[in-house]
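Sharing a structure here in structure tokens format.
Which chain is which? They are A, B, C and D, in the order written, and residues in each are numbered from 1.
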Amino acid sequence: MARLTENAKGVYVIAVTPFSDEGALDFASIDSMVDFYESVGVTGLTVLGQLGEAPKLTAEESRAVVERVLQRLDGRLPVVVGVSAPGLAPMQELAEAVMDQGAAGVMVAPPWTIRTDDQAFAFYQSVGEALGDTPFVLQDYPLTTNVTIAPKVIERIIKEVPNCVMLKHEDWPGLSKITALRASGDKGETRRISILCGNGGLFLPEEMGRGADGAMTGFCYPEMMVGVVRAYTTGNVDRAHDIFDAYLPLARYEQQQGIGLAARKYVLAKRGVIKSAALRKPGAKLSPLDVKDVERLLARQALRLQEIGA
Amino acid sequence: MARLTENAKGVYVIAVTPFSDEGALDFASIDSMVDFYESVGVTGLTVLGQLGEAPKLTAEESRAVVERVLQRLDGRLPVVVGVSAPGLAPMQELAEAVMDQGAAGVMVAPPWTIRTDDQAFAFYQSVGEALGDTPFVLQDYPLTTNVTIAPKVIERIIKEVPNCVMLKHEDWPGLSKITALRASGDKGETRRISILCGNGGLFLPEEMGRGADGAMTGFCYPEMMVGVVRAYTTGNVDRAHDIFDAYLPLARYEQQQGIGLAARKYVLAKRGVIKSAALRKPGAKLSPLDVKDVERLLARQALRLQEIGA
Amino acid sequence: MARLTENAKGVYVIAVTPFSDEGALDFASIDSMVDFYESVGVTGLTVLGQLGEAPKLTAEESRAVVERVLQRLDGRLPVVVGVSAPGLAPMQELAEAVMDQGAAGVMVAPPWTIRTDDQAFAFYQSVGEALGDTPFVLQDYPLTTNVTIAPKVIERIIKEVPNCVMLKHEDWPGLSKITALRASGDKGETRRISILCGNGGLFLPEEMGRGADGAMTGFCYPEMMVGVVRAYTTGNVDRAHDIFDAYLPLARYEQQQGIGLAARKYVLAKRGVIKSAALRKPGAKLSPLDVKDVERLLARQALRLQEIGA
Amino acid sequence: MARLTENAKGVYVIAVTPFSDEGALDFASIDSMVDFYESVGVTGLTVLGQLGEAPKLTAEESRAVVERVLQRLDGRLPVVVGVSAPGLAPMQELAEAVMDQGAAGVMVAPPWTIRTDDQAFAFYQSVGEALGDTPFVLQDYPLTTNVTIAPKVIERIIKEVPNCVMLKHEDWPGLSKITALRASGDKGETRRISILCGNGGLFLPEEMGRGADGAMTGFCYPEMMVGVVRAYTTGNVDRAHDIFDAYLPLARYEQQQGIGLAARKYVLAKRGVIKSAALRKPGAKLSPLDVKDVERLLARQALRLQEIGA
């Protein structure tokens, strides 16, 4: 399988992990989910992320999920695997395993204990060394990790850690961060790495405007990210915003922590992408009032999409 | 002036604090801002909040701002004043001063050192005692304070701290919290206090659906909150969503921490509500790219509002 | 092997994990270390704790360490294994494996995301369920986990989670916590579980005075914990303090985060307990000035022990 | 009054704030406390620190405390005043007031929202500007502020913020930080500023060995800090350790958060330094078991001091 490079573009969708109502892995739904993501035009898949419920899987299950996804894709799309772990050794262990299986690269978030610029740099330097020639994605997600990485620290990582090929940009607010990183790349001060944006796509049109290469995030309608990125890339900014605006009310609802993932799985199940909407325990569950909210948003969204002809 | 009670409803807008470009208080803009808020139909004003740049004011300036707002309103609308402080004594000192000036009530956020349910309760119990008969708003804002207050702790505060008359609901996600609090109120287990919602109104229609009484938040178009609350209150749920959706892209942009307040002031200045968009130092400033983003959102919003006839 | 129960008493030493200078597991040193701990009179061993560098081990290595320790002990002393993990499934996976190998019980710290009383309780309830009939130790270590668990939450866990048999008491300050828990146990309101104290033994005599059953912590002279607990248990309070005071200057030095573990391993290597003082990367290393500090403290400690005839 | 400079040395004791049992300021006890501190040989006083219960005072009370302390000292010893505040304007307001009253300098801790090196630097740069020519102490206290400031950031502050004349060193662990700062000062890369150490003096002999100029901290026996600093400064390292070791068991006990200050005030009241041991609400209170602990430590300490002839 081709490895992830600095030139990655488009939409890497954060895949959910399908479970049965009882909490067992649902491999048939992995297949249908992979088919669905492919059919709507994503560029790649990211598995074992936070919103893939990765911490709830055993080591064995983690590998089984990756294997099934890779099998189903059969090399048609690249797969990035989240390998964040409390220490370097287990991270390295998982990374080696999934790269052997055929992953294109791995993704690593910083541990919450990091407090200074040098600590953040040192962490990613040791990650780079531990991973050898495996390309990796720096996951910059302060809202969950509680670690803020300044643009100049990311630039230093880009300079000194050659296998860091992508930033999963999820700082918040973060538009100026993209601008700063692109400025230093444009001046030739640093390698130009790929920047794919997260946060459920909630700032995607503006992020594209700042020089992002696409999205790496999840949403029950990945059509939104695909549509926005395509429209933006072909210079149709207003169309990108039209598509974005149509999906925004639901995307916003899905960005609620905890309940958001339950909403995503609810819609994916309703759309027939996966069989059960269940999260593995411990996990949130939609209340009847939540379901009513989601249904109203879906109905309004359908109307709006019709209006804009999307 | 009438005091704040459990029956408060509608929109209490979080007022910005207008400064000159040099950082001095701009009292003329306080007047025009108060007039503007009144003209768009808000129910009350909240001053000296976080987004009112309260921590940047001296004690003397804080009182001057409150005085000017009260003077201009001349009793036509109630004013709530943020009095959060590192200790009870300075909080009490400010609360007494502003209540003497004619405020309707005060608002208190928890200190970030709180870690357990009992600590949260004990804090608000001591606040209640320190404030005597001054009614106060419990500001529940985990994203900024880092303190999560469980619904049952809020219920305990409602039961045992009689001068807690309102919840500024800003937990995130928080829809189920409103549902839980309303359930216990409906069963008669606790007083029914007022719940006004924050977070820039980003979940306002759904919050109204759960039993909120309105909004206490800021946005450069308070017409959004006023419109949504009115439509919802009169049973016109779809209209509420139409209005909300039209403003959502900009409201979302304004919710970015730091830069969001700069965007809010930029638009308020552009609308002639305040003279200068400047934040007092240290404060964010919009870059030319940020301005371009905001202008595009304003243009699209104007079109959309026209389409829905608002 | 006998399982851990509420009646556990004495000193469960937190074992270090010996590595070669190059960072490989040093199994010969595991043997000599186990022999050493046994020779100085500890009651049990705790392995794969934070200060056993557990997060730096792969899953395979973790099991190899546990196996070697159990082999060497051959059932003479009970072994508790740290199994904290980002999710329930990997925790359960490791717990099953080590219990099958012959461990006496496991230890679980709370994830740092916990914020309210109910979240803390719910976490340990789900841990209890996931572990089935495996007895576990609740590790209450706010300084590292950032989670504060109020005494009444621990009481609720004791009441409703029957396989919670021990508290590793490491709150700070925490003397009143022991007093509170013992009071409710003495009144028969809750099971009386075992309380072993951590924090490097820095408050051990006072903790014994409040009703603790001993220590579960590490120090390069476990003779200190053994001596204090024995003296206290036999009613010789002043002797307990004499022993404690003699070791306190070094124990205090070893309590420094990061560098403390390097100091512990330095002394253990100097004493011939393990071959290399190296921490696995990333890990602190003593500077020449640190070594000078430790050597002075060792020399002074030797004199003081002589003076008190210990 | 002479202003604080980079040459400050010795012991600046963190003064407690004496209250009556009812919580009123006890000015007579301020006088006796000031006399006591002077009599035991401290070099200066620091008032309105965290452990001076500063956040519990109104603005008016804060100034009254400073005024009384300055009056009683009548210029014989320099006074540093804690002026940390949520914003620059109120900090500046208090700083100006106390410098006019005759303080020698002020002390500023970072707000807990700081996350990156540049944010920390920018904060202290704006503090330096806001304070004009008032010399200030950088309070580096991660355990309470949750902000870690790397040595190189402190060096940058030293270089670019000329009125930063002292570091209150309270990082933990922090010995290598002193070493790093002294190394850059010795090479002439940065100004050599004064470093006074905190943390209740728990690492004072080692800190002196790394190049600290003394202590700025509190303890119910300031004789410890005075004795250790004097002995160390006159080259009598072993004597410094003897004195330190004699006081260490009590100093350790007093370092417990919350209850520690109650213990300090209990002993100061017992010694006749202040009239009441009460903390202003909300504040911890010693239980009978705590008192028993402290009394035992006091009795043992008296014996030990006799043995070493101190």
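Heads up, the rule we're going with is that contacts are C-beta pairs under 8 Å (C-beta built on N, C-alpha and C of every residue); 3 or more make two chains touch, one makes a residue touch a chain.
Being a predicted model, the structure only gives us computed values, none of them experimental.
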Farthest chain relative to subunit D (centres taken as mean CA coordinates): A
A-B against B-C, pair bridged by the larger set of C-beta contacts: A-B
Geometric centre distance via CA averages, subunit D-subunit B, whole Å: 38
Whole-Å gap separating subunit A and subunit B, where each centre is the average of the chain's CA atoms: 33
Chain centre separation (subunit B, subunit C; CA means) in Å: 48
Interface hub residues of subunit C, defined as touching at least two other chains: none
Complex contact set, residues of subunit C against subunit B: 115-118, 142, 147-150, 152-153
Interface residues, subunit C side, partner subunit A - complex: 54-61, 85-90, 92-93, 112, 122-123, 126, 280-282
Subunit D - residues contacting subunit C, complex: 172-173, 175-176, 179, 202-203, 206, 209-210, 241, 244-245, 248-249, 252-253, 256-260, 287, 289-290, 292-293, 296, 300, 304
